[in-house]
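The following pair of complexes shares a single chain, chain A, combined with chain B in the former and chain C in the latter.
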Partner chain A sequence: MLVCLLFAIRSPQSAILTQEPRGKAAYDKWCAGCHGDTGAGDGYAQAFMLPRPRDFTKGVYQIRTTASGELPTDADLRRVIDEGMPGTAMPGWRERLTDAQREDVIAYIKSFSQFFTGPAPTAIEVGTAPRASDEAIAEGRQVYEKLECFKCHGQDGRGDGTSAPTLTDDWDQPIFAADLHGSWRFNGGSSVEEIYRRLRTGLDGTPMPSFSDVIDSKIITDEQLWRVAQYVRSLSPEEPPPVREVIRAHLTEEGVPSGPADTTWARAEAYYIPVVGQIIVKPRWFSPAVEGVWVQAMHDGSRLALRLTWTDRSRSPDPAWDEWLGRVRQAMTDVDGPLPSSQGPDLLGVQFSPRSGEAEPPFFLGGSTRRPAHLWRWSSAPDAVTSGTGTGLGQFTADAGASQLTHAAQFVNGEWQVQFTRALVSADTARAPSFVAGRALPIAFFVADGSNGEDSVRGAVSAWYAVYLDVATPTRVYVAPGLTMLLTAGLGLMLVRQAQRRERNSERSNSEG
Partner chain B sequence: MSRVGAWVRHPFWQAVLLLILAYLLFKFGIALLPPLLGMHSAPVPTSVVVQYMLIALVGVLIHVSSDETRWRRFKEPIHDTMVDADKRWVRLAVLILVPLLIGWVTYDQTRPKVEAPITLRSIHPAPPSQITFRGKTIQLTGLENPLRHRGSLTEHIETGKRIYYQNCLACHGDRLDGQGHFAHGFSPTPLSFADQGTIAQLTESFVFWRVAKGGPGLPREGAPWSSAMPVWEDYLTEDEIWAVIIYLYEQSGWKPRTWEESTGGGEH
Partner chain C sequence: MRVAFGIVLALTAFGCGGDNGGASDQPAAGQEGGGAIAPAGGGTITGTVSFTGTPPANPTIDMSEEPACAQKHAGGARDPQVVVNDGKLANVFVFVKSGLPAGQTYPVPSSAAMLDQDGCLYEPRNFGVMVGQQLEIKNSDPVLHNIKAVPTKNRGFNISQPTEGMTTRRTFNTEEIGVPLECNVHGWMKASVTVLNHPFFASTGNDGTFTIRGLPAGTYEIEARHEKLGTRTQSVTVPQDGTATADITFGAAAS
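For the complex of A and B:
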């Protein structure tokens, strides 16, 4: 080790020679499980994730600062290793590996490909973002249409364009066009600058091209490309949505909204609930299409309405997505049995504790035979909702008799919008909970995209959250502070008076004395 | 400069300064300590800060009142504010600000609060002395990892690595920190094996029990049942579980607790 160090100091050539073996040690231990011993992206986990781990042997990299078709710079590689790639299984390694280890790993990763032997690649020059404004974003929208971004990313940017089901990467794996409403999951970062860079460099290895040549051939200006980046950024919230445990049902006096398109929904705050692959009971699902649902709730003292919206690239079943399903079937592991060969409907499940006021909710995965859960189950084809009892994922018994639950659903350019409405008071308190104002009730979600091979077990699940029904603020909230303020002020004045009187008395006695 | 010096030497301002320092220490200082020892940190709860501040206040009062002169000097600024003619504006400000503060605290206490239902959970529930694994009875007490005395350790590590990457990765992560790409969807969040409070404190037989039986196999005091840990006996053989346990200790660098050290069988 010491010898190595001495040599390393003496000549840069030997530094590179010792870097690779040290990089191999760290790589084998921490990276090979996904990226494979030979860097071919064929590690143990390869068929358990989509997108698959990067194959380093081809020298093709998505996130670069260099021109399309070129190799990444060392700084580009370092950035991905340090910070990871949001929206994928690649984490950041800054806290796990030392600075030196990460540098060594970069040297070793480059050794997997023969292409890194030439001169070092250089980053393309980019200016700074012009000031954003409503007009700028409107212009960005026009350029988005001119460049035909919608063909893959869809009219509303949800990744549901007509070409979306046909997309594959350079390794013939299926790849989703990004949902532009979830910038916090963009592989190369969410800022306007980062989005602009992706537009200039393209995402090599994926169908996402570079638009540098469109500027060179004067079809659009550089500023217009910045406008596209600003438009894309404007589709997502400013900050990644915080995950909050309690969904508040807004109290309205005008009755609950009539459907998911009702404009009064704007009054209820939207809560983001992340959902992840159901990898707990058989058959597990490692590549869910849906990554989160937005939930809004409102009540008027007699009825509760829930509005759920989520990005889904297809209104399943949709024949246009048959080839997509075929590719997913080939790409993903069949360790728990083969994926369905035909598309089912899209599914949404909303799950409650069957009795309000119980300390412990049932098992979060659809309940259990010992402690069942109450479920609202919606399916896209036929468009119908059923309420019933769950005794485990996929184990569902519909309620007998007339249902109190109603719904309305619509599919708008890659987004499902579903509203459920039910009376607060349950007709069967043994099976379905009553909702009580001022009380929080456990709630959990399940979503499945039929076109992605998902069904009532293979899908995306959430943990337990809670829905709290707002109450009108009681008068004591305003009366009590007033009273305490009066009391304290009175007490203060009394103390001051007393002290001053005592002071005057003692002065008088002093002068008398 | 000398005026600042006089202030700092005055018992009243000393007490104020001490209380401010104590508050900063309780509120922010304590949370900075665990990272120095390489442990995870969390903000100090308000109720704890209030308790500590009360203790600090009592301590300061005992100190200033323990000496007659000091006590008198301590009271001077308070007395002056209440009495002196040239301090009327300060007096007025205090008489307005303090009731306002009290009013705000009352409002904060009485307004309806939105809280999730409280759930309790023990992190390391006591293991049973024996379990049934796919119909076979396994005695946990005193049980060692059989693979440590059988076959090639290198092969066991490689088998364990394959099983980990195909089954555990999505939650527990390739950094072993419980932050796999699905971890954010679950509550409680998956355990970090890098943390010195998890497998580093357990015997391999305890880990075997937790892996084999998962969340649904937790005893009653381990409730709620919201742990997303699967029942791995449905997926993995006995040897496969032992192999992944070997991989966990190898990869994390921790040593499992042995039965000689742990009299209670891994309960904490």
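For the complex of A and C:
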């Protein structure tokens, strides 16, 4: 009661008299577990999260329509509560809390910071995006270089710039520079207008600065900043990639691609497979560096090739990322024991049901002793692939004898591309599945970034998907429709003739009678 | 100037500053009043900040990613965290912490306090501004810096400065001791600004001296702050229109 009274005295708005206590009820139930009872970002779950939950006492917010250092508007706060923060533990609350509850929570979280007692902040004025074109995007690329965005975001925009391993937020926690190829996961939205706004306002509490002063100082024009936004947007697909359960392996008659850089891969459809931190088997991992992998598959009737492509900011182990690992290690110290003190390699696991045609695949986390999984395990250092049997995460036995599996890997500007190639017919069907055209086989993925303290258990995992090998189109597919048409036409003609004959016969009998 | 600064830095960093580096254009007494026009007349506090013992070695900085900055540091870059010349300590911020007449206000200087980013280091590293006084932040490097202030009582800012010669002005609107300033592109770049509602502050230069002018007669508590060595406080009585001496000592062990 006293608390309510204090808030009432402090706040100039009378609505807050009732909003804040109501907001407290919803906040205590839904928000305090992460953000803490006093809004200091110190709820019991915080130690499991990186980035940490927002500390509301500082009044510092990333996603705003206001200038650098300004408070967010209520609409800005509302947006984050409604939609959540992709890539963090913050979910959207539109479905869970009513409209009124969300408004009340906003009033309550504002009460945690002294700054909200001042005048209401105002959004900065922004114009509308100039028309995009190839030239506009090329100019945007030039301005990206002039502004040295690559220092953090990297040459190809994958968040692997030279400063990236040193970045920390206002709470001294390590923070990744955004991978600009995943606009559907941008905090604050993926449209050109929203990206432009992030450039103007900066992301307070993070290393991302505001570029408004750069326009004011006439170093670039406002239009050029729009060009940067258009360039950044052009790095991602136009629509968020759909998650499809079946990965089709295209049939090619020219043989499977020779390696990850083979241009024939451009002809194979790419499937996006989201991956999430492995939080079932200890040690669990709540802060995976990799958010998804792109999978492509081709076969030529005798061999299957898979190409996996994913953003990884470092070719682990990389000494430039030692400092990063040290910070992550410190931040995640309370979760299932200490992280490795030195960087391991980057890891990729592709997992299959050991036999095709089984009703249910093995346990998705590396199989089990009762029902093992077949695994292809790739490591960046040494660059090698092993095929074998998994009986649980990190429990792996390499196949004895000569391996049928080959691979080739390349790392370019924050992106791994690994191609696996194997004969369709397994040499040991007791352990490794054969791939059969026209059939689907369960497939799942595991990926780990060694520089982020990840290993064969702490990493990111996918659910089960299926890989389906296209069958050759048989000749009858082209012949049958023609035959059917002929047959139909012939039958039709017969029917018509019969009917005509019957009619003539009846006319004749009528005239005779 | 930039070259001279670099030389001074290099010399001091290697502990061979000896006679103040011999740089004639280096301000001997550091910052005084943040460009504030000291109130006419009044008393003065002056003193020397000393360092006893062996100063800790300053860390080296790997500037290989920024050749334009690296070349400003002949013999390799070091972060000049503890700069001692002949036992005198530079980069100490000294200010009147208490004792000023209550309710008294002081004019805000029309000139801006200056912060330079030169050779991927801040200059000055530890300084003051008055509430409402302009702070002008300049990029003297042909590389991207972002200048970020992380206060707790004031609102912060985070500004991109991608080109050489770009300047940005900002102000702080309430008193705050030791607002961290940092660059995230170059993680080693750190400075500290103290925001006060009076002009009675100064920073020590390479000779370790400071002077605070224009004080009415009275007894004051002054505080000396160093980025690595902590703080010292001292009581000083200033006579009417006279000068009081306040020498301050930091040591390698204590803080």
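Here is the rule we go by: the second predicted complex is superposed on the first by the 457 of 513 C-alpha atoms of A that agree within 3 Å, B and C clash if a C-alpha of one lies under 4 Å from a C-alpha of the other, contacts with A are read in each partner's own complex, and residues count from 1 in each chain.
The rule is short, and it goes like this: contacts are C-beta pairs under 8 Å (C-beta built on N, C-alpha and C of every residue); 3 or more make two chains touch, one makes a residue touch a chain.
Given the structure is predicted, the values throughout are model-derived calculations rather than measurements.
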* After superposition on the shared chain, which partner residues are touched by A:Pro362: those of chain B (first), chain C (second), both, or neither? -> first
* Just chain B (first), just chain C (second), both, or neither: which does A:Lys29 touch? -> first
* Asked: Who contacts more of chain A, chain B or chain C?
  -> B
* State whether A:Phe116 touches chain B only (first), chain C only (second), both chains, or neither. => neither
* Touch check for A:Phe411: first (chain B), second (chain C), both, or neither? -> neither
* Scan A:Tyr468 for contacts with chain B and chain C and give back first, second, both or neither. => first
* chain B and chain C contact sites that coincide on chain A, given as residue numbers -> none
* What residues of chain C sit close enough to touch chain A in their complex? -> 65, 143-144, 146-150, 152, 155-163, 166-168, 184-187
* To do: Show which residues of chain A lie in contact with chain B when the two form their complex.
  => 29-30, 33-34, 43-45, 48-49, 88-89, 91, 93, 95-96, 243, 245-246, 248, 274-277, 279-282, 286, 333, 335, 359-365, 368, 438, 440-442, 460-466, 468, 471, 473-474, 476-477, 480-486, 488-489, 492-493, 495-496, 499-500, 503
* Asked: For the complex, which residues does chain B have touching chain A?
  -> 79, 82-83, 91, 94-96, 98-100, 102-104, 106-107, 110-112, 114-119, 161-162, 164-166, 169-171, 173-175, 177, 179-182, 184-187, 194, 215-216, 223-226, 228-230, 234-235, 251
* Asked: In their shared complex, at which residues does chain A touch chain C?
  -> 58-60, 68-71, 115, 146-148, 151-152, 162-163, 166-168, 170, 202, 204, 207-211, 213-214, 217, 219
